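Below, each structure is written out as structure tokens.
Both complexes below contain chain A, partnered by chain B and then by chain C.
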Partner chain A sequence: MDRDPVMLRTLRGLAGLALILWLVLPLIPLAIWSFARGWRFPDILPQSWTLQAWDYALSDTSGVLDSLTLTIWIALCATGLSILIGVPAGRALGLSTFRGKGLVEMMILAPIIVPGIAVALGLHGVFIGLGLTNTTTGVILVHLIPTLPYMTLVMAGIFANYDTAFEDQARSLGASPWQTFRHVTLPAILPGIIVGGLFAFLVSWSQYILTLLIGGGRVITLPLLLFNFAASGRNDIAGAIGMIYILPGVLVLILTARHLTGRNAAIGGLGRL
Partner chain B sequence: MSESLKTFVRLAPTLAVIGLLFFGGLIMGLMRSVNYMPVIGLTEPNLDAYRAVLSDPDFLRSFGLTLHISLTSTILSAVLAVGSALLLRRSFAGRRLATFLFQLNLTVPHLVGAIGILYLFSQSGSFARLAHAAALIDRPADFPALIYDPYAIGIILQYVWKEVPFIGVIVLANMQAIGQDYEAVARSLGATRWQAIRHVLLPQIWPGVLSASVIVFAFTFGAYEIPALLGASYPAALPVLAYRSYTDVDLASRPEAMAMAMVIALMSAVMILIYTRAARRRGGR
Partner chain C sequence: MRPTAIALLTLSLSSPALVLADTSDGSALIGQDWDTIVEMARGGEVNWFMWGGSDTINRYVSDYVGGVLMDDYGITLNRIGLTDTTEAINIVLGEKEAGVTDAGAVDMIWINGENFRTMKQADLAWCGYTETLPNNVLIDWTNPAIANDFGVPVDGCEVPWNRAQFAFAYDTARTETPPRSIPELLDWIKANPGQFTYPAPPDFNGAVFVRHVFYHAAGGVEGLLGDFDQARYDAAAAATWDILNEIEPLLWREGATYPTSITQLNGLFANQEVAFTFDYDPSQFGLGVQSGQYPETVMSYGLTDGTIGNTNYTIIPFNSPNKAAALVLQNVLLSAEAQLEKALPEVWGTVPGIEVDRTPAEIQAAFAGIERHPSVVDPAELAQNALPELQAGWISAIEQGWIENVGR
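Right after this comes the complex of A and B.
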């Protein structure tokens, strides 16, 4: 293609700069607040800096660390269960054709699109009867609603490009079903499980209303704590918790950046983070 | 074991979990919204809750506001996402940084974005302070209300911040898969730069834009924590109103909360239909 005119290139550079600024902008005051001491209007930057908010957030009294452990535990359980249940389903969807497949796909897609509150209000009554409200178990179960369909669809994409001929060869050479799975299937799909699992973890990590309703304010995950500090105007502590809260996402991004293209099914569920 | 039985066994646990938790939750919500609960002796379903909700001006205002939030955020995000993708497919200084930030933004939870928008755009936020430094305003109250405001500007800004990268990444991948050959042909046949984009590229990326936008619309219509943090208390966005009536001390308002949940579910059902149609046009997934 011919070389673009100078004006167009300049325009593109300016638009790129605006885009970069706009993408980082909301995170900047959050980071500054976490180190600010009394950052009052109209100071553009804080008068003095302090680590007080971080000291408080990382102390035993604030509950942030307990909340962090709880959030990690819930996300790990929801992810583990989603892998166990979702990988076989992904295989069925990716490799087999059967009657009613379109309907099954729509059933699995629906929880990704339908907002949590539409489901959780009805589920709440049932969970009360089962004694699952206000419990970590109940919250883990309800987190499966977004994480499991997500994991299943990612694995369906992985299995769509998977060749079962290698399994047949292993079996014909005398491998047991377990050996075939362990030494042939698993190594082939493991990268998909890891990427899908990391993002299923983030999906659980970012849940708010499902946790609030089913946890009944007793199961206090990090986003609930963050919301409370932000809503009550404790900007410095909200800043520190906010920084902690985005950390897993940054780590996952660094680990998987090359998988994060729109061609990958993994992206589909991220609209809901 | 026959192949079809294996398929069934592999799918059964997932379908059971989704059936029980997701569809179970929806059906329970539907039953309670029509006051049908045989367990406690309510065996005569009625539409009282829907009648009450649909004739309640508070609900109608909330519904209108939520529709405005979703439509405006989705359209703005889609347009800006296509623009950003057009930008990111060409090389310019800082392209790698912009692409990285695009991806980073995908992993930041909505709540963090909402708090960031709050600190930027509130009347004592960063922009108000800059306006003060530029001698445009004297007091925080002079700064226009962009948070807790009736037009939900803060909420929309947050959604646009999060969803431009979401739609953008999908559109960018679409563009890269299509390549620039078709546009080059159009250009060599005398089309202008804009004509090539408008008549050659856009029709090809449209199904992708549409399916991503549908996900965004459904999400913004039902998300709770963003309007709860950034929205005015009256009128509140629909999910906030539904949560409030559900947790109301007056238990009589629970069927009405369920009816509102069903309105949200119905809206997303429409979105699912549009999504599957768009996916089929894209060649199925």
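Right after this comes the complex of A and C.
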């Protein structure tokens, strides 16, 4: 840590700039496409500009605006439930050793290792049995299957570097369990909750086949509408819906950015997982 | 207070069941008086799953068809856009395996070919109702191209919606005279290396291109009609793989890779990487020029040795809970007015699935007065050299053979 702080800052600034360019540059063609009428090689810019794609994207026929609200609601619920389940699960995995822990870790990872369509078709049968198909509740619950591994693993990493002695100290000083959680545990693990929650939100946000199968066409989220046009080569409409599609993610990122600076000591890598 | 709240809750929970007649029992509808079916369907909903990648087609379905259903019958049409029709079939298949026989999520699917074969073989389709539709009289079931869907007998399990015939497209600004037959095309590829490619089967359009080469290698389609025959297949297949492997190094990127979808080929064509694209539905080229996907100099054309035609249909799954509303929807789709609207180039420009000469005189006149989009080949001209589709056994054997002998 005896490096020249000015140099370190410059490097950090340059890295940040490169990262921003890397993230923003691919979005520029998307934005141009959404106003383009005919953009083909060898033209640098579209031959003419039009609002047709936006006119469709914002129309009742496309259903984009209705599904935007619904997609946000589903992603928020899936994130909240992921936190409620993932934090205690991560604590157990990060802090304690028990027989069969490796197996449990494998099982948690399984849904993101096994091909999605295989998981989806099996889950469809299970959800029909539970009477959860064709409902928003069912879609929220099924999104937990891909979101929980991320949430749990991030929290396991956080708790692997967490010392429960702080909690013992608070309790010995007379704090109630709630006070201990509120003033000792939560501040220490909050960055992990935010990172894990961000993962959970974005993973839920981008689900396609699970939403279609379990939602049975009654629950139309944005990816369902976006992929129709991305797959059919309609870059103009895919661009317009895509611009709407990235908004919540960018917003969530901006809101949580100050917790993600890496300066907080509690984000200590992903532990041994 | 509390009893009232409970009563309200019960009412709100049970009221949809009071309004919507459950019409999952198809046998009660077959042969039923049409007015009775319409009354059973009134005020209900119908969930139609269909490929959703075209804004114009979506607008026609949601706005025009949905408008007619709502205004005339009080039926709510939910159009569910799919990226791949198989997704809807997977829903029905999963429901059948889980024992859902009368409360499925899917009331109707836009379908043909392999997906229809899957649904028919797995007993996922509701069949035998077509005579019940008043507009059934507009369908020519004696036409084998309508009574068979990619060689699979329809058997009253679906009704036609549109007809289509394969066509190529080229850019008049880049290519002077396009090759007008498969032999001419093969010569053209040899003279213009790197300028042609086709999507790898099992892509729908890539597979039909390969079948055109197969017909050519077999010396015509006549010997290929009827049930799958291994000996006849082997003879034609060997010649087909020879032709396709011979041109492979002369294809786009020396044939090291093939586009995986027709969308990708269309993109290569629009960006001048290849000279031709093709589609099972030539109306796509008119829509593509309208949306700016292609320049106005793009024209579609048929082949002198013929191109393969097909029909696409709408199907009602066996476990649809809204069969009466689905029937009303099918009848609206088959109506002369809805078929005319769909034929307008700015709406879609597709060929009707019904017989125009069975419609009222003023509709016939309106059909005759339609000005085709200049980029879309005249369907009548195309139809002069129409080739039949093979039976399903042939189609899957050719796809599998391509993957093993050419695509490997």
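In this text, the second predicted complex is superposed on the first by the 193 of 273 C-alpha atoms of A that agree within 3 Å, B and C clash if a C-alpha of one lies under 4 Å from a C-alpha of the other, contacts with A are read in each partner's own complex, and residues count from 1 in each chain.
The working rule: a residue touches a chain if its C-beta (ideal position, glycine included) is under 8 Å from a C-beta of that chain, and two chains touch if they have at least 3 such contacts.
All figures in this text were calculated on a predicted structure; none of them were measured in a lab.
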Go through the superposed model and pick first if A:Leu30 touches only chain B, second if only chain C, both, or neither.
first
Looking at the overlay, what does A:Leu144 touch: chain B (first), chain C (second), both, or neither?
first
Looking at the overlay, what does A:Leu253 touch: chain B (first), chain C (second), both, or neither?
first
Applying the touch criterion given at the start, work out whether A:Pro115 contacts chain B, chain C, both or neither, answering first, second, both or neither.
first
Which superposed partner A:Gly242 touches (first chain B, second chain C, both, neither)
first
State whether A:Gly100 touches chain B only (first), chain C only (second), both chains, or neither.
neither
Tell me the contact category for A:Gly174 with respect to chain B and chain C: first, second, both or neither.
neither
After the superposition on A, what does A:Ala231 contact: first (chain B), second (chain C), both or neither?
both
By residue count, is chain A touched more by chain B or by chain C?
B
Pick one for A:Pro42: touches chain B only (first), chain C only (second), both, or neither.
both
Contacts of chain A common to chain B and chain C in the A-superposed view 41-42, 121, 124-125, 208-209, 212-213, 227, 231
Chain B residues touching chain A - in the complex, by the definition given at the top
3-4, 6-7, 9-11, 13-15, 17-19, 21-32, 83-84, 87, 90, 92-95, 97-98, 100-113, 115-120, 124-126, 128-130, 132-133, 140, 158, 161, 163, 165-166, 169-174, 177, 180, 184, 187, 208, 212, 214-216, 218-219, 221-225, 228-229, 239, 242-243, 246, 257-258, 261-262, 264-265, 268-269, 271-272, 275-276, 285
Could you list, by residue number, the parts of chain A that touch chain B in their complex?
1, 4, 9, 12-13, 15-17, 19-20, 22-30, 33, 41-44, 85-86, 88-89, 91-93, 96, 98, 104, 106-126, 141-142, 144-145, 148-149, 152, 157, 202, 205-206, 208-209, 212-213, 223, 226-227, 230-231, 235, 238, 242, 245-246, 248-250, 252-253, 257, 260-263, 265, 267-268, 270-273
Of chain A, residues touching chain C in the complex:
36-42, 46-48, 50, 52, 56, 60-62, 121, 124-125, 128-129, 133-134, 208-209, 212-213, 216-218, 220, 224-225, 227-229, 231-234, 236-237
Please give the residue numbers of chain C that touch chain A in the complex, ascending.
47, 49, 51-55, 58-59, 62-63, 78, 80-84, 87-88, 90-91, 94-95, 97-98, 100, 105-106, 261, 263-264, 266-267, 270-273, 291-293, 295
